[in-house]
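The structures considered in this document are given below.
There are two complexes below, and they share subunit A, which is joined by subunit B in the first and by subunit C in the second.
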Partner chain A sequence: MSEVIVVTSGKGGVGKTTTTANVGAGLAMLNKKVVMIDTDIGLRNLDVVLGLENRIVYNLVDVVEGKCRLKQALIKHKKYPELCLLPSAQTRDKDAVTPEQMKELIEELKADFDYIILDCPAGIEQGFKNAIAGADRALVVTTPEVSAIRDADRIVGLLEANEMKQIDLIINRIRMDMVKRGDMLTVNDVCDILSIHLLGVIPDDEQVVVSTNQGEPLVGTNSLAGHAYQNICKRLEGEDIPFMDLDVKKGMLGVLKGLFKKN
Partner chain B sequence: MGFMDFFRKKSSGEVAKDRLKLLLVSDRANCSPEMMEMIKNDIIEVISKYMDIDSQGLDIQITETESDSNNGVVPALFANIPIKDMRHTPAKKKEENK
Partner chain C sequence: MSNEVVIKSNRSGLRLILDNETPFPELLKIIGEEFRQRESFFKNASMAISFEGKELSVEEEKKIMDVITENSSIQIVCIMDKDSDMEERMRLQAEAVRDYVLQENLAVLESMGGPADFYTGNLRSGQVLESPSSITLIGDVNPGAKIISQGNIVVLGSLRGNAFAGAAGDSSCFIFSLDMRPLQLQIGEYIAKSPDREKRGRRLLKKEKNTASSYTPQVAVIREGNICIEPMTKGCLDR
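Now for the complex of A and B:
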């Protein structure tokens, strides 16, 4: 039984692609067969976040248009052989693909993979409709900011209208120091406002930028955000993992890291 | 602004929460500010027939309330209408008295 998950947010720049890359890699580390599909046609980025940008031959649109076989377009990750990417087309338009074609493609992939993860483009237009068409469940990514939360709420409404079976929330880039000062919405505030199930909280972590620079997933490394992504993957696998205490860890780790980084 | 607010300024996080709560309710209800204004004027018109109300102080907003029937949260139209004078006589009769 394979599960089809769409990672979406409405607003751009809140961490959909980073979440897709890390959840995908994290599940592959748990020995699951995972394929990630970049559905952002025209603005592809998942390849570069994963460090696979130099290995693209065929893309999503080529597959849909029958220019190549599906297997030819899939790129295997060097480090995790269980992890595959179906890249998006960079020089085409969102309407090069229809929701029906996406559904067919996903059906074909279900035979070979445990997880099919779709990286959704920002916005609520054609690209969004394509991305959610074949999905069983959705991960809605938001940051604790009014604009991102408003868009996330709109997305939740649209997902519900499209009869998405399960919708979970990921709160990204939370800063506990600001929450403590009262200058950032708390995790509880965001959950209260959006009233959907919380799957994970990712702290604002410099290591996210570092790992993106290097084109390597953060999950599995010894960083706060890396642990948070790993926890999300375990929860997707049905494990009951408690939410980590970001505040305490940040303090302790911060001090330790500071000591080691001096040399 | 209340007297106590002078001493305790709301944190920006609280401000964000309050703003979002109101914003999302009207987003979800798909209700435009123009429509709210029309509802407000109609309410003033109807209630004014029966009592003297403070139309400046009238405040309506869409909020949420616990539903009795399907035990969930449903949108509700909340109206705060300050009454200046409870006239028990309908407006028509009052005109006659004048």
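Now for the complex of A and C:
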């Protein structure tokens, strides 16, 4: 039985697309058949993050409008053949698709894939409604900032109102040094406000920017964020993985820097 | 069923519609038969009775009553006048009793702060809970959410959003929360906002967090034209 997961956040720029790409790739690494659907019609970029933008011929809107077959629009990932992308259209807007059409599309994909991951656009309008229509499960991505948490809270409320079966939280871009200093909300603070199940914590990592620009998912590489995404994938698979210690030991240089900062 | 006697029932009793042409002794006989036939239906119900269609003397009414009790186990409670507004009067009487009970219950409720609604779950950003009665919420009110009541508000959880008690203008209402950290409070015509976020030093945030984890139940009331947040202690709502 395939699982349909929507990655959403409300606020933009918190890492929905990055999370979609990495979770998708991570699950593919665990030998699962995965399809990612970019539902951000008009502002597509999941293809860019995955480094597949040059292969797009047909897109989501073409499929829905019957201009091509579903199989024609699916793009296989260059590294993981089990990983597919259904890109969105860049020339249209969110109203080009209805929630009913999305449901139909997802039903069709269920036959061939273990995981269907939907990358939701920011906001709570038509695009959001399309993205959540066929989903069984939601991953709410937030950063430890009050603005992102406020939006995430709204999203959780809307998901609950739409009877989403399972809602999990991913806290992205946390900086343990700032948390320690008391300049950033802690994981507990965020969980306290949102009161939903925590699926994973991703540390702020320079490598994320590098991997995005290169169009290579971070997951599987030897970076802190990469490990964190891998753990999330394993948890999605039902494994019980403890949360990792994000507190990296500072090198000599770091200690010196710290000393100077205090004075 | 004979045409001479028609038995009808309404909410509060029986109506006997008697044929004016038929002589009284014959009517009596028919009534007896009718009631005997329905004995099992009526069982020993107690009800009021009324007569229509024929002028009856007090003596005749008594005779009919005797016949009914002879032939069935119905308890006749009283005889009502036959006129058409009888039913109306019965209804009014029944309503008066009901109203009285209701008033009494309401008075008890009123003394305890009026009727109240119970809700469970968290109010999330953008959600509004509105009620004409007092509200008890088991859960949190998150920032961006609003809870509005014409009566009191009790939040068994964190109040981090907006709360408006006494929305119809009643300034004697209160707002209670286990963890009082609202953005805005409104009681009746008074409004208060939370203190502006200070430019906090590094340590300040930590300190604040400590107090938040060991929060005390607090209640907001109007004191001399201001909204005051006080610790919830015994008798703090009596004035």
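As a working rule, the second predicted complex is superposed on the first by the 247 of 263 C-alpha atoms of A that agree within 3 Å, B and C clash if a C-alpha of one lies under 4 Å from a C-alpha of the other, contacts with A are read in each partner's own complex, and residues count from 1 in each chain.
Criterion: contacts are C-beta pairs under 8 Å (C-beta built on N, C-alpha and C of every residue); 3 or more make two chains touch, one makes a residue touch a chain.
In this text, all values refer to a predicted model and were calculated from it rather than measured experimentally.
Asks: With both structures lined up on subunit A, is it a clash or a fit for subunit B and subunit C?
Replies: On the superposed model, which is not a single observed complex, subunit B and subunit C clash.
Asks: Does the superposition put A:179 against subunit B (first), subunit C (second), both, or neither?
Replies: first
Asks: Which partner does A:33 contact after superposing on A: first (subunit B), second (subunit C), both, neither?
Replies: neither
Asks: If we overlay the two complexes on their shared chain A, which of subunit B and subunit C does A:150 touch? Say first, second, both or neither.
Replies: both
Asks: Using the touch definition from the top, say if A:160 reaches subunit B (first), subunit C (second), both or neither.
Replies: The second partner, subunit C, only.
Asks: With both complexes overlaid on chain A, does A:103 touch subunit B (first), subunit C (second), both or neither?
Replies: neither
Asks: By the touch definition at the top of the document, which applies to A:189: first (subunit B), second (subunit C), both, or neither?
Replies: both
Asks: For A:137 in the superposed arrangement: first (subunit B), second (subunit C), both or neither?
Replies: A:137: touches no partner chain.
Asks: I'd like to check the shared interface: which positions of subunit A are touched by both subunit B and subunit C across the two complexes?
Replies: 146, 150, 153-154, 157, 181-183, 186, 189, 192-193, 195
Asks: Once bound in the complex, which stretches of subunit B touch subunit A?
Replies: Per the touch definition, subunit B meets subunit A at residues 11-14, 16-17, 19-21, 23-24, 27-28, 73.
Asks: Which residues of subunit A touch subunit B in their complex?
Replies: Within the complex, subunit A touches subunit B at residues 145-146, 149-150, 153-154, 157, 178-179, 181-186, 189, 192-193, 195.
Asks: Using the touch definition up top, name the residues of subunit C that touch subunit A in the complex.
Replies: Residues in contact with subunit A: 122-127, 140, 142-145, 158, 160, 202-206, 209.
Asks: For the complex, which residues does subunit A have touching subunit C?
Replies: Where subunit A meets subunit C, its residues are 146, 150-151, 153-154, 156-158, 160, 181-183, 186, 189, 192-193, 195.
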